[in-house]
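Below are two complexes that have subunit A in common, paired first with subunit B and then with subunit C.
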Partner chain A sequence: MNEQALLGLADDELVLGWRDSEWTGIAPLLEEDVAFSSIAQNEIGHARAVYELLVGTEGDADALAFDRRPEEYRCAPLVELRLLEWAHTIARRWLYEVADEIRITAFKDDSDRAVAGLAAKIDREEAYHRMHAEMWHERLREEPRFRAAVEELWPYALGVLPAELRAELVERVGLADAEPVERGTHTDELAPLWEEMTMVRRSAPAGAQW
Partner chain B sequence: MGPRRGARRVSHPIWEVFRQERRGQPFEHAGSVVAPDADFAETWAREQYGRRGESVALWLVPRDAIRDVEDWADEFDLKYRRVDGYSIKARLKEARERAGTARAG
Partner chain C sequence: MVAVAEQQVWQALEEIPDPEIPVVSLVELGVIRSVDVQDRHVRIEFTPTFLGCPALEVMKRAMEEKVAELGAEPEVEVVTDDSWSTDRITPAGREKLRSVGFAPPAPREASAPKLVQLQASVFRCPYCGSTETQLENIFGPTPCRSLRYCESCRQPFEQFKTI
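And now, the complex of A and B:
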């Protein structure tokens, strides 16, 4: 099991799910608000499933998800960015889904059956996310604001994938290869997000009751 | 400036959503989505009405494609044409009385 790569996947899904749920209640259209929130929630569900796989049946997935220091997270800088501007948000969602599909496809061929099985399960739900992202991409691809956002986020998108999978992303997105913003580095926006994301966990280490 | 204020003023067509709960069952009206085209309508309807296992199929119909019929002239009280509009009980009683076969009580 490639634990670091799986942790990267889980952290990406958790942090992007968190970021995208910042649109709940304020998305540009009511229907999109429902759909976007639902997708964000799915991503957090995927993160949970991967954390659970990593810690095993006796382990504590919440501890893995929330008890690390910000610098220990393995998420790609792309998902950390706080982008409360729709062109950038939807550009990121599209870039992320394209990259994520390439990554998940690779995980589906993993020699570890538990990993391959979970990847296949995640992939079946990601199909809806891709449909949603492609729909927006089709609609906005010629819009200058969207194109500018895609170009701005492109080096970050490359950083989602390990080097050996990037050629396919370059081909599918159709932009020139660029210097990636690599996983393992963090933006300044992760720390405030971490504060918020782990607040309940830190205030009630024994576990919050709802 | 927030992104939503202006955007929410855009007026898009309304799509009526019908859902089928199980194969073979009739489609029932589930609600509607407001969407610029059929692809958006499909994606949003899937999220709202479909993919948590509550439907096996959806129909999306632009509201403009629906012919609305709601004016009914019923001046002569022809409700006996409906099965539920015709009470047979009283007439049956009269008929039995005429035939002398009225039941006691």
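And now, the complex of A and C:
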């Protein structure tokens, strides 16, 4: 089991789930409010399943998800960015889904059956995220504001994938290869998100009761 | 603690409604993959529908309680592999979904569903039976649903996603 790559996947889905959920209640269309909330819920569900796989049946997935320092997270800088602007948000969703499909397809062939099985399950759900991203990409692809957002986020998108999978992303997105913003480095925007994301966990170390 | 028969366990599980769509049981939803009885120990393998489904824990607890009521010791294992698809919903389950205005999922094809398929008007309205329906939103109030609108009876309805 490639634990570092799986942790990267789980952290990406957790952090992007939080970022996508920031549109809940304030998306420009009611339909998108529903869509972003649902996508966020799925992404966080995927993160939970991968954390659970990593810690095993006796382990504590919440501890893995929330008890690390911000610098210990393995998420790609792309998912950390706080993008409450529609063109950038859709540009990230589309770039992320294209990259994520390449990564999930590779995990589906993993020699570890538990990894391959979970990847196949995640892939079934991601099909709907891809449709959503494709639908918006079709609608906005000629818009200068959207093109600019895609180009701005492109080096970050490359950083979602390990070097050996990037050629396919370059081909599918159709932009020239660029210097990737690598996983393992973090943007300044992760720390404030981490503060919010881990607040309940840190304030009730013995476990929150609802 | 008493020994129980596998059939008793299945019957007990048939009484558990889906927490979010209570018209169908967990058995009709096809999420119970296996029941293995060893004397007083009952092991259930259960596959979630969607990984982000908040009803997961509720379902797990309900199964444990049902088995305990039979006087046996429950063990529920959540299997997060690829074995559940909407094709596992039983014919009776599909009919019950339809009866409450919830269009059952289209059969899954070899490859993942595509947007063009969702946009095609082949999805039948659960109220009037018309196929003149439009996709309103790929997403809905829970991860497993899409929203559609019937042009014929002018009724919005929920469509179970095919996964």
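The rule is simple: the second predicted complex is superposed on the first by the 210 of 210 C-alpha atoms of A that agree within 3 Å, B and C clash if a C-alpha of one lies under 4 Å from a C-alpha of the other, contacts with A are read in each partner's own complex, and residues count from 1 in each chain.
Note that a contact is a pair of C-beta atoms (placed from the backbone, for glycine too) under 8 Å apart; a residue touches a chain by one contact, two chains touch by 3 or more.
From a predicted model like this one, the values you see are computed outputs, not experimental measurements.
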Fit-or-clash call for subunit B and subunit C when the two complexes are aligned on subunit A: clash
First (subunit B), second (subunit C), both or neither touched by A:E31: both
Partner chain in contact with A:E85 - subunit B first, subunit C second, else both or neither: first
Which superposed partner A:E52 touches (first subunit B, second subunit C, both, neither): second
Which superposed partner A:P70 touches (first subunit B, second subunit C, both, neither): neither
Subunit A residues touched by each partner, larger count belonging to subunit B or subunit C: C
Touched partner set for A:P155, first subunit B, second subunit C, both or neither: neither
Which superposed partner A:M131 touches (first subunit B, second subunit C, both, neither): both
Which of subunit B and subunit C A:A114 touches, first, second, both or neither: second
Overlap of the subunit B and subunit C footprints on subunit A, listed as residue numbers: 31, 34-35, 38-39, 128, 131-132, 135
In the complex with subunit B, residue positions of subunit A that touch it: 26-32, 34-35, 38-39, 84-86, 128, 131-132, 135, 138-139
Interface residues, subunit A side, partner subunit C - complex: 31, 34-35, 37-39, 41-46, 48-49, 52-53, 113-114, 117-118, 120-125, 127-128, 131-132, 134-135
Subunit C residues touching subunit A - in the complex, by the definition given at the top: 50-54, 80-85, 112-115, 118, 136-143, 147, 161, 163
Partner subunit A, residues of subunit B touching it in the complex: 2-4, 7-8, 10, 12, 33-36, 39-40, 43-44, 46-48, 51
